[in-house]
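Chain naming follows the written order as A, B, C and D, and within any one chain the residues start at number 1.
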């Protein structure tokens, strides 16, 4: 099913393109590195925690979560999913993980050589696996289960997640820091043994600082998007985020590219340039976008829907001054915890006890002045879906902002029907109009 | 309280809240918990009655739909649904743990939609490394702090040690109960055990121990024993606290061991206090509970892992169960969307295969309607093992 | 005099409603069948036949799953919007509308002008739609017309435990064979569906007064069960199935639709 | 005929009460089928069990007392009060298929309410996978969509073979697939292509189930859906291997049940146990309590 002619409506930010290009570049580079026999690690997206360590140790990293998406997009996931079924993995498990089981089974069948049909050259046999307790059970149980195929160890990065109220207890934060710091130190010792090299601490220090700086600029760019009309659409955010999210390629270069992006967006704000022809509605998007149907956003842009903020999981931790922390490990730990911790106090003040992933959208909606939320629960990902019904309730209750819920999936791409989403656009516009009035009457300023 | 032993267990099983309601009417505080990672010793030591919150399979989920998506652990959905329907209004509060995702997510929603006076969430690390253990202990300290404030009492080492003793006693009694399933025919059926354990989880520790003692005595003495059926089965899974499910599994077999959260799992081992009681609890709960939540692996060298060794490390404790209880086959029983356990299925099956024990995986959606197909699966499995 | 026609091509039934000025002049229902084009033509024909003098100006808006096949108009509107307008025309006081169709149940909240303020659509599982009733009616060998009244006679409704409409059918078969009275089974299905509908309503939050429409509203047992679940009386139109078509006609009247 | 067999005067019956169809088979001591009857299960299937049995007896020209042992199978197996034993349809299909195709190692059984894949060795069930959570992926999927297309089950096979390019069916809910079918039609897709698309969707779903077990030849497709040639073709394509279909796919369960009855008796005989026919009446069912 198509969503009509492929007319581009969104006014893309030019400085985004070089950042987007870094993704392909990094795949190419990683392919070459792998051919040259450089140690490669499979890692979960780990939110500024393990990545700087791997980077400082000059280790190639591939991300099976992303690769799962790539397999789906290339239309070859089916075969791997079937394979995972045959291996006895229950079918309700995260689709990315199941595609990866199938892939690993095939990889080992071929003696560790990436299968010829694998897109982008495939992922080579790793030296070790780096999983993370953050976000969902799948993200560490999956790597543990890969032990059936890969005789390599798994390091599981801890990700403390106390409750919003419990965080206020004495020592809670310092205990989190202690856990993370000690854990990272052990991790480094493990990596050193695995690659047979010592950590270059100066390099780690530099990388940690660059990482924070990149994320600071990236954070500032998003702040600019509060402008009316919004100068940068969610699609640009998604396109530009990977270098920061995964620390791709040369960090100094990335920093410059983000600065360029900042300048262009700032220029747009100054000139009142909008990301879409006429901004009638400002929306927030949660969580993972329908990668395969992105032109839906062009169709919605035609109707005046501007997506001004999105996907909490992909956003950088807000900047924090950690210059007084001399130990780079502790600095990395504290910065990484910042992603959740920086919101705890506000969440408690606003009495949102259901966690940061709910609170943050209240913040987004009220600060970016959204008229509506587009929620995209996924059939085979519990994590990006579970909080959405509650989120819809709380946005309505607290801010009088309605939500449009359209179901989809990460692997079974057929489950998202853009036509359906478009059919619901018309009534949803009425709802957004209605609540604009309601908000005004209730004294809100948008 | 006229009924004793199995009859009493049956009574409590069918009306699990009665006793705690009575106690509450007498001024006791009652706190619910849905997951066995909560150290009950800390509650008992502060004179609080812990109550295990269970799902209700026969109750259609109506309220939870408003706050949780459909593809979600049906047990936790059911627990939350019951809460939203006011079924837990006899509780003074709940304690939840970051065990599986559904536990954690439900906890947050729970806290957002119900207004019980006390609520505490324990964060649990993913690994069993030393730093993780210490963090877990610090989380338990946090729970003590909020419990002390809530109860207005101070935790004393003396009372805590007494509580630890009482729960160690409970562990021992449940272990003895499972000893009685070793003979063929077993002296007590799996279905009876489900009822007894659910009853024990709904009573204060001393009453639970008394009940267990009565049951043990009665079962050893009684003439009408369960019959030996086609096969002796091990149940491996998350939580099976419904006697109807167990009786389906037992229609043509004896389930002589239940390795799940309403069976043997919460009662394995005992808390050993060396110096610090809270640390002793942290060690016991994090290391002794054989839940899929904790990440354990065996490494051959820093860069190599050995799968067989890994299986041995993770599931080795099942080996002696298989031989001591003379197990013929294993039912891996999970509710749909139980991710942490589901990821283990192929590995644990591999392990049983290495022991030469047939195993079958059955998934159900925690509704009455799923029982009939479950029966067919179990029967077909029995037919395959002859 | 301005004439406006609304056509709603549903998955099972297609409906038409004709407005003469602000007056509801006629309505029609027929099976959607396979050929939606012809069905649409037939509905138009049926509504216009026998009118004294052909209307000078006729504006048409189409809605429903098959709206694209109503070739004699280019104007379309969303079915959610149309249902809201239709309900508002019949019950201006209604703030919530439940539309129980064959393929899905939709809950729409609306304001005093019939504008949509929120909505939700049932999941992609037929156990939450009117089709569930049809399936069970088939098992019980009773007509849809009898279903509701029969179910109201029940004293002890059966509990349906499955979440699948198709397996619900098997369960009903078993119950019948167990000798359970038909009314108890019918009432059981109505309760099961009502529970689903109620939880859908709770998702957007009930705001009284609440109206119900779509074919499911003809089932009094279901309506009663939903009322009980929600604890409110429901407003039921005399012809609940053509409400969305009526809404489409209203959209035509206001020159809306695209 | 096994003249010398001390069993030669005995007969055995299998009765398979499925969700859609009730089937009965009577065999003689040599395993030859002497009667085979099918009837719709309907809402009164318990009452039907005795009727179908009576019909089978009539067709075989036998009296009830002449049947030595009766095995009931299928989803309604507990509703056959006159049966000596209840065995799941999985084992019965495995046994029945083995009788027809001794080389069978994988059996795919698609019935009205579930789909099963069986791994079979010498007629014995060794492993299985079932789909029974959602009616998508079962025979009912085809039945209901056939109904909404107004072509009937028989029409399905014929039409699907005229397809030139099968349509992609994205809705697996049996009931919503009907909606999609209607939409496809209205988009001008050919009915043949839609039906072929439905077959393909179902076949892919069942094939995924089969792959969970590992598909080893020979592969046999049985159950009511195997009567549909279009589906057989689609399953071949989805599994990427050849498929055998028994001449009477509806009956393999009942046949297997009858064979298992016979084998049980042979075992008794081998153990030197006395053979006595159980006194029984073709009575209506007692109620299934699930226990």
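Points worth noting:
FYI, a contact is a pair of C-beta atoms (placed from the backbone, for glycine too) under 8 Å apart; a residue touches a chain by one contact, two chains touch by 3 or more.
What you are looking at is a predicted structure, and each value in this text was computed from that prediction instead of being measured.
Under the contact definition stated at the top, the chains bordering both subunit B and subunit D are A, C.
With centres defined by CA atoms alone, the chain at the far end from subunit B is C. Subunit C and subunit D have CA centres that are 39 Å apart. Here the spacing of subunit A and subunit D, counted between their Cα centres, is 49 Å. Mean C-alpha positions place subunit A and subunit B at a centre distance of 35 Å. Separating the CA-averaged centres of subunit B and subunit C is a span of 46 Å. Across the assembly, subunit B contributes residues 65-66, 336, 363, 365, 370 that each touch 2 or more other chains. Annotation for subunit C: residues 123-124, 164, 167, 203 touch two or more other chains. The multi-chain contact residues of subunit A, meaning those touching 2 or more other chains, are 88, 389.
A complete topology is adopted by the chain contact network, contact being made between every pair of chains. Residues of subunit D touching subunit B in their complex: 75, 87-91, 114, 124-128, 130, 132-133, 290-291.
Within the complex, the subunit A residues that touch subunit C are 389, 396, 402, 405, 407, 423-428, 430-431, 433-435.
Listed in rising order, the residues of subunit C touching subunit D in the complex are 11, 32, 34-37, 65-66, 68-69, 103, 124-126, 129, 131, 135, 139-141, 164-167, 170, 172-174, 176-179.
Touching subunit D in their complex are the following residues of subunit A: 82-83, 85-86, 88, 91, 414-415, 417. Residues 247, 251, 336, 360, 363, 365, 370-373, 375-377, 379-381, 383-384, 386 of subunit B are the ones that touch subunit D when the two sit in their complex.
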